[in-house]
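The structure follows.
Note that the chains are named A, B, C and D in the order they appear, and that numbering of residues resets to 1 at the start of each chain.
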Amino acid sequence: MKYSYFPGCTLKTTGKELDRTARLAALALGFELEEIENWQCCGGVYPLGSDEIATKLSSVRALNSAKEKGQDLVTLCSACHHVIKRVNDDMKNVDDIRTRANNYMKLDEPYAGETEVLHFLEVLRDRVGFDTLKAKVTNPLKGRKIGAYYGCLLLRPGKIMAFDNPENPTIIEDFIRALGAEPVVYPYRNECCGGYISLNEKDMAKSMCRRIKDSAEGFGAEMLITACPLCEYNLNKAEGGIPVRYFTELLCEALGITEEGMAL
Amino acid sequence: MQRIGVFVCHCGSNIAATVDVKKVVEIVKNEPGVVHAEDYQYMCSEAGQALIAKAIAEKNLTGIVVCSCSPRMHEATFRKAAERAGLNPYMVEIANIREHCSWIHKNIEEATEKAVILARAAIAKVNLNAPLKAGESRVTKRALVIGGGIAGIQTALDIADAGYEVDIVEKTPSIGGRMSQLDKTFPTLDCSACILTPKMVEAAAHEKITIYTYSEVEKVSGFVGDFTVDIRKKARSVDMDKCTGCGVCQEKCPSKKTPSEFNRGLGNRSAIYTPFAQAIPNVPVIDRDACLKFKTGKCGVCAKVCQAGAIDYEQKDEIVTEKYGAIVVATGFDTIKLDNYDEYAYNQSKDVITSLELERVMNAAGPTKGHLERLSDGKHPKEIVFIQCVGSRCSDDRGKPYCSKICCMYTAKHAMLIRDKYPDVNVTVFYIDVRTPGKNFDEFYRRAVEDYGVNYIKGQVGKVAPQPDGSLLVQGVDLLDNKQILKKADMVVLATAIEPDPSVRKIATMLTASIDTNNFLTESHAKLRPVESPTAGVFLSGVCQGPKDIPETVAQAGAAAVKAIGLLAKDKLLTNPCTAKPDELLCNGCSACANVCPYGAITYEVKLINDHGIREERRVAQVNNALCQGCGACTVTCPSGAMDLQGFSNRQIIAEVDAICR
Amino acid sequence: MPMNEEFKPKIVAFCCNWCSYAGADLAGSSRLAYPADVKIIRVPCSCRVNPMFILRAFEKGADGVIICGCHPGDCHYSTGNYYARRRMAMLFSMLEYIGIENGRTRVEWVSAAEGVKFSTTMNDFVAKIKSLGENVRLGDIRCKN
Amino acid sequence: MSFDKTKKQAEMIREISGVNPYKCMKCGKCSASCPSFNEMDIKPHQFVSYVLNDDIEALANSKSLWKCLSCFACIERCPRDVKPGKLIDAARQLVVRERDGDYLSADQIPEKLDPELPQQLLVSAFRRYRR
């Protein structure tokens, strides 16, 4: 199975680990991430203004390229997923945006939201299946207590993202369970890490991340996992406490993909 | 040729402010058939009706058109007035120039033009009207009440006391409804059971009342005065006549792990059970999904211990068919599911409960024997936070757009009772508005604040976060202080929105009673006919019509009873004369009309027909006017155009179309 | 039609007595405006609407015809609106075949409680008819001045 | 600022955001949910009043514009579909479109960087803070 893949800017720089581990895990699980040619940055934030068009075009390009290949579009970074999923929803449901975006794009065939946008976790849940994943785990992470950190962008707005219950999500917990570890549920797993505010207001982000980590630790988590490089950065910047890693790193570990393998 | 009078109503300024009524009168005077036209301030008033009568007599009118409010409002009024003046009531047509014209248009010229067109359509129709005579149908002097809560019980008692037979159909094993689950009631703090139980006993003992518990309405046919209803008596697996209600079976039943519906799942019950100690009838039922005998074939303990030999595993569902003249719906409410409100951690913490669950916790017969304790660890709470409007007043699709009406008052009650019994417990209420319209209601709420020291904070709660130490961190806002608040609580109580009991949808469909977007049954008129459904013979009692507290429910239950009694007191009802009528010369006996008739009103007869001199026997359609409800399905289906509807004939409707498109 | 005069479409709305007519009443008592171009004819049930009435309306110069009934499952007569739905689906496709655009005909379910829906439906329908312009296909020239 | 101009700006905010501020019932759930509440001078539940009163000047000069994290908690939880987060984003848009009032200038950036800082952070901050 091949998916069109939108890595996004961060996964080519400071978030390389996420990209690399995800591709390796995908191969081990029998699917392939085919990077979209000449993808452009999603812009990082979804422009809420109803009159914004230009800022949505890079997403439309990626979506259309997947459509032309007849593939679903897979993302990893929460921000990219959020932006592309919402732009796709606009293209599907908002006449004005669809018309104007297509006017800019001048495609052979207008794009109208045909592509399905999947987060890597959704591929694991809905396509691979957590039961299958569990069966493929060769190195179960027995006894490890792991907290899921979702952040905002994967979950909200719940109706459009349709990722999971935005106030009480379970997908990463189910993922953790599939890897043989024990998920730790704590209430702040869907609260904001501070996002881009950490550029200018480092203390604010730190105190928000502190609360998240303390809560998880209080419930017995020994580690947090996340899908977002920015969350990972912010959470780790709040020094001390439990470590924060990408979910794909744990996935590789549980699938028995060794350091040597990963070095490829 | 008809002699038509047109009467244009000002309706005070309701019509006259946007429609130039004088101009309407001037224009319609020239319509074909019109021999008289006038306007008046209030046509529906006695003076207005007298004008109509006078014109009928003086001008020899054969038909009249009243340009006024909706026919749903005053068609009957004007028909009666015409009848009194010697005109056949079905020679009256209404042009709706208020709801469909003056109230929705602002431009006088435009509204006047439309009023004229609507009047023309009505005039064109009256030109083709023919006198109709209503038939008669008999009234079965028995009422059905669907739902055995306080609304249903009160309605049944009132109807029975007037001397009519009443059947109550209740789907759970006991009557009593939501009220039986409550601990105390506002604003007087009466014990709910103490005032409800006597009523339950009275209903059970009443010679005119038959109670079907653990039963559901399965099918309804017929119409006002003559409904036929199938009631499914679900297999109780216990013989009602033999059971003595000793309760030994429940004690000995080995399957005791089923969440108790009566205790909102906070405690367990046995597989053979009565929902609560004061249940009526005091005869248990076997929950076959939970019973070991039914699941595995092994067990049979209850049958062994029953001295009376009342246990009957072979019992089957039974259908009872009964005829009724009137039906009262009293299906009540439930609280909404909170799956859309996980920010309040209802599904994540046992110590976040709904107010109805708190009623059970506070009740001496409840899962904690009336001790206020945390359901997670049984500890006595020190801080309790109440959150108002959970799922009420939501215009997104997570909750309900309406105010549930009872929450402000029961929360004040809970807060007061807790502070009274446990002065060491702090109580905080997060509210958006405190709504206390009602006798002694605001005083009651103020007492909670002033005498009991309940801390009311204006603002909502954004998140309830369970903490590692088992407490709950409530993140809310104090809008008056403009501060975000973090409050550590031991328990959180959610004032959960109420919604009509889900069973009402099916019942409304069976009764063809209309229902609104929130599944509340629609009343015939919001102000003037609040307990009557638009479907004749169907009345509404309690929360099935809209959120209500107990006193309002009881009042409405009585009102519904009076309306039902008013119907049952009649021996005969006039039927709708606007029924289908076949033209026997055109009918080819194909049966198409009979196939679409929802009432089985059409039969066939072989008759001698004289078709322009040709006499032959033909199979032709016959309409039973007592059964025909006048929907008109047959008229359109008929391939030869033989079937027409009196009062809404093809020619009449086409005349209206023509007048509008002129 | 003179160019400077605003197009005032003729629109016939057949409303069933139990739901949609009551919905229209509610729109009125709630003062929810919709254009005066809409004129309502009361019928007992949407199933009373004979395709002949609709043809007649177009023949007489109507620019749009809308049929409103109770929501499926909620018909006062149990099944009338299902008949209406099937009949109209058939009729509308035939009308389209002879050049009466699909936008000129519509079936809509409006309950007695849906005053807002009645008003928005009519606003929307009138806007649609205005965008389609005058109906010239079936007009009986004898009916025009 | 002239009366007409503020009126026009208030209209623009409504248009850009697609929010109808009249739907607000002042329950405060947005402010109860906001992780930046304490950093804000104008609180989330107050945004609607400023737009309704055409007091855009105050909103434009508010710290809150730059403290909102776009975490969408208020948008998700608002029971009235008002979505204060969208309003504040529209106000921010208005400011960065109308003035050269970028919140951060390009030469301020380097001092704030560190080697681990993800690209995504810069991109989104730029989108948020600058035209």
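Points to keep in mind about this one:
Keep this in mind: a contact is a pair of C-beta atoms (placed from the backbone, for glycine too) under 8 Å apart; a residue touches a chain by one contact, two chains touch by 3 or more.
Computed from a prediction, not measured in an experiment: that's the story for all the values here.
Across every pairing of chains, the maximum count of C-beta contacts belongs to B-C.
Averaging the CA coordinates per chain and comparing them to the mean over all protein CA atoms picks out B as nearest.
Centre to centre, using the average C-alpha position, chain B and chain C are separated by 30 Å. In whole angstrom, the spacing between the mean C-alpha positions of chain C and chain D is 45.
Centre-to-centre spacing of chain A and chain D amounts to 25 Å, using the average Cα coordinate of each chain.
Chain C has its Cα centroid 49 Å from the Cα centroid of chain A. Shared interface positions of chain A, i.e. residues touching 2 or more other chains, are given as 167, 191.
Residue positions of chain C touching 2 or more other chains: there are none.
Within chain D, contacts with two or more other chains are made by residues 73. Pairwise chain contacts present here: A-B, A-D, B-C, B-D [touch as defined]. Interface of chain B with chain D (complex): residues 343, 389, 393-396, 398-399, 432, 458-463, 475-477, 479, 482, 484. Listing the residues of chain D that touch chain B in their complex gives 23, 25-34, 37-38, 43, 45, 73, 77-81.
Against chain C, in their complex, chain B makes its touches with residues 70-73, 96, 98-101, 103-107, 110-111, 113-114, 117-118, 121, 508-509, 512, 514-517, 522, 534-535, 578, 596, 598, 629-633, 635-637, 645, 648, 650, 653-654, 656-658, 660-662.
Of all the residues in chain A, the ones that touch chain B in their complex are 165, 167-168, 185, 187-188, 191, 215, 218-220. Residue ranges of chain A in contact with chain D, taken from their complex: 8-10, 12-15, 41, 43-45, 47-51, 55, 77, 79, 152, 155-158, 166-167, 191-192, 194-201, 204, 208, 229-230, 232-233, 236.
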